[in-house]
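Here you go, one structure.
Chain IDs A, B, C and D follow the sequence of writing; residue 1 opens each chain.
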Amino acid sequence: MKKRLNPANALQFIKSGDTLLVGGFGLSGTPLTLIDELVKSDKENLTVISNNLGEEGKGLGKLLVAGKLKKAKGSYFTTNRDAVKAWSKGELEIELIPQGTLAEAIRCGGAGIGGFYTKTGAGTKLAEGKEEKVIDGESYIFEKAIKGDVAIIKALKADTLGNLIYDKTARNFNPVMATAAKVVIAEVDEVVEAGSFTPEEVVTPHLYVDYVVVNQYVKKGGRYIESI
Amino acid sequence: MKKRLNPANALQFIKSGDTLLVGGFGLSGTPLTLIDELVKSDKENLTVISNNLGEEGKGLGKLLVAGKLKKAKGSYFTTNRDAVKAWSKGELEIELIPQGTLAEAIRCGGAGIGGFYTKTGAGTKLAEGKEEKVIDGESYIFEKAIKGDVAIIKALKADTLGNLIYDKTARNFNPVMATAAKVVIAEVDEVVEAGSFTPEEVVTPHLYVDYVVVNQYVKKGGRYIESI
Amino acid sequence: MSLSDRIKIAKRVAQELKEGEIVNLGVGIPTIIPDYLDDKKVYLQSENGLLGMGPTPSDDDIDMDLISASKKPVSMDKGASLFDSSDSFLMIRGGHIDTAVLGALQVDETGEVANWAVPGETILGVGGAMDLVAGARRMIIASMHLSKDGSPKIVKKLSFPSSGTRKADMIVTEHAVFQFLEGKMYLIETLSDVSIEALREMTDAEFHVLEKTKVETN
Amino acid sequence: MSLSDRIKIAKRVAQELKEGEIVNLGVGIPTIIPDYLDDKKVYLQSENGLLGMGPTPSDDDIDMDLISASKKPVSMDKGASLFDSSDSFLMIRGGHIDTAVLGALQVDETGEVANWAVPGETILGVGGAMDLVAGARRMIIASMHLSKDGSPKIVKKLSFPSSGTRKADMIVTEHAVFQFLEGKMYLIETLSDVSIEALREMTDAEFHVLEKTKVETN
């Protein structure tokens, strides 16, 4: 059985200064409970690699206002005004990367691929300083693989081995992030017996998952709300 | 509805001299019916990219003895003695590529990635003449993406839109090949109504599939045998 | 920008989409295109991991884990499929999306698009814009003809940061439809009573008028 | 090579595997290891797209679309999962396999392995060998001590083509267990009544003997 932890105990695997891969697209597929624990913790100077920084005061947005973040690397931070403010004041470093490049670089980080040449962004400001290569007459830019110290991801269910399935578009970055960090902690709504998923259903095979934590939120009206 | 063709008509999309991506690991997940049609056809000088060349007189092995192949690119041809013989006589070019590099290069071909750096094969005979790059202290070799003119793949079932699901380990190279050719023809055991697969079940979304052909073999005792 | 102009643009773009096409719709005007497709069935791809995106669900069926790339609740069509972000951008970058309809801040006369950043302003978002520009088989820009401050959006040369070297195929505004072909811009038809002279005035870019160009009123 | 030697090697390697490990077994001797695991549960990964490979099914249950990388019929354990070749080699190359047990044609005294090609012979197969060498967290070589013609397989320097610069961690033969550490080879224990002198004679490579080395008979 994959080691099941209570959320607070999961934090022992995260150190100040770590690079965290955090699943989610906006708030969907975000490990809200683990983020709450991080907010309460003494960890700081974290680098977060995630598509967004949640919303103002929600998800990763909480971690930002709690002053835990040194740097955010992702594709879209504009909608969280706190992120824009923190960046303007020089309190947060931001590294912008196209969404598809982000997903692919993380996949490569998990796949033993050192880097790749993508057409996305060739000839733009985001390609400045990056190696360019012409392959079969087309321009590509080099992108290095991305890895994290710890990945905190959100899945719908885990089985007792650690196999994961996801909820609709809450899947997003979670499966690739599960492959690309030294320690992978999956937050799930429910843990079921091994054998509950067919071999075809499993999206993240258990070998990627180190620890499983049960989500403390409840879903009501299609949204996760804090359980009281 | 995705255009359904009879096997003979599917050949109109293949020209002599084409590069074909052909699914399968040994004989499992191989489009046997489409290969039979190719054997009967006047196509020649084909380059086949496939993990193996089937077995002697079976699957792609048939295409080889029918004299249709100019070149085979894949990871393991040793077990088909006909391939070894044809190569020795200079009748067949062979390009050997590690199995994981083959899968990844095809995936990149379908993904708008021009090439990638893999650790596999670095420092070996198969790396000769290939660009080497040290990334974060580790040696990698450059591999170019692989694309085909036509992919012929094997799935278990298609729905009427062209969504595909696969049978156990017969999945192998088929899903990546479905992404990496100008024309993709899927051979399936059965066509079912759109909506028969849940959104989670679909392995190859229909946008990758151009044509669907129904397999002329029947499965008995766990093997596909020619139907009479 | 008026609602009727937005609808006009959306309707005109809807005409361009072919039955059965795979389409990715950007934020803004593109999101209302599905309302004007009538009986035409296209398959909407959403870059957060869904092919076969359906209409907004009723309040009771809202699930914030089934959302569009604009983070709005959606539904799933029959035959839809779900996948992760890397597979989604494999589709986009790999040339498997037939048509992307995107908004733009600027388009130059060769069809080069700027749709992610305003010079001098904080640039903290790019999202999937550049991937769509790089990878979609056909790129249609749906945009108001002028920017909010009244300056031309269709310019000789981009002054805003480019979204990629890959050119748009078409631009649809409330006044006109232009096509890009081998680095040149052609007026295909007008969509308002604007004269060609007036159109030239509000279009910084140089465009060619063809004999077959449909001019609504002149 | 005798069956009892093969079994001896398989049993000794089986001892090395830890409860719950993810293991990929190469062709030859490694394939019989599962028979000697007793109650220890390991999860077998098969590079053709399966995690949780189970034993050979009964004749009635054979399905040639559920096979091992050696193309033999297999079954699936509870909690097994299926995936395509690119995802399978993501696992292998990306360092997600705890232990790969592979055969070898030659191993040199630093642990560098040659397991895919014989010089002068037709080289038409590599399969997943190089990916496993490059990516598995721990690599154990399970091999007869001498090659069929009686020449040493454990050599000073490879004369056969290398499978990669990544070194093996351990080699188990019918006579001995060696460990590789920082480019050096250490005898850990003997598995037959061979003397250390005799072992040195049949082992071209130079190896170190430690005080704690377990010598069965001397």
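Just so we're on the same page, a contact is a pair of C-beta atoms (placed from the backbone, for glycine too) under 8 Å apart; a residue touches a chain by one contact, two chains touch by 3 or more.
If you want to know which protein each chain is, UniProt gives these names: C, D = 3-oxoacid CoA-transferase/3-oxoacid CoA-transferase subunit B.
This one's a predicted model, so the numbers in the text were calculated from it and none came from an experiment.
Asker: Quick one: which chains contact subunit B and subunit C both?
Answerer: A
Asker: Using each chain's Cα centroid, which is most distant from the centroid of subunit C?
Answerer: D
Asker: Subunit A to subunit C: how many Å between their CA centres?
Answerer: Here the centre of subunit C sits 29 Å away from the centre of subunit A.
Asker: How many angstrom lie between the centres of subunit C and subunit D, each centre taken as the mean Cα position?
Answerer: Averaging C-alpha atoms per chain gives centres 55 Å apart.
Asker: Compute the distance, rounded to whole Å, between the mean C-alpha positions of subunit A and subunit B.
Answerer: 33
Asker: Could you pull out the residues of subunit B that touch at least 2 other chains?
Answerer: Residue numbers touching two or more other chains: 104, 107, 111-113, 118-120, 168, 199-200.
Asker: Enumerate the residues of subunit D that touch no fewer than two other chains.
Answerer: Touching at least two other chains: 50, 76, 82-83, 89, 92-93, 134-135.
Asker: Draw the chains as points, connect those that touch, then say whether the picture is a line, ring, star, complete or other.
Answerer: Other.
Asker: Going by the touch definition at the top, which pairs of chains touch each other?
Answerer: Chains touch in the following pairs: A-B, A-C, A-D, B-C, B-D.
Asker: In their complex, what parts of subunit C are in touch with subunit B?
Answerer: 22, 43, 45, 50-52, 76, 78-83, 89-97, 134-135
Asker: So in the complex, the part of subunit A that touches subunit D is made up of which residues?
Answerer: 107, 110-113, 159-161, 163, 179-180, 194-195, 197, 199-200, 202, 205-208
Asker: Considering only the defined contacts, which subunit A positions touch subunit B in the complex?
Answerer: 104, 108, 111-120, 133, 135-136, 138, 140, 144-145, 165, 168, 199-201
Asker: Help me check something: in the complex, which residues belonging to subunit B touch subunit D?
Answerer: 25-29, 51, 75-79, 83-84, 87-88, 94, 96-104, 106-107, 118-126, 139, 166-176, 203, 221-224
Asker: Note which residues of subunit C are touching subunit A in the complex, please.
Answerer: 46-50, 61-67, 71, 73, 76, 82-86, 88-89, 92-93, 117, 122-131, 134-135, 161-166
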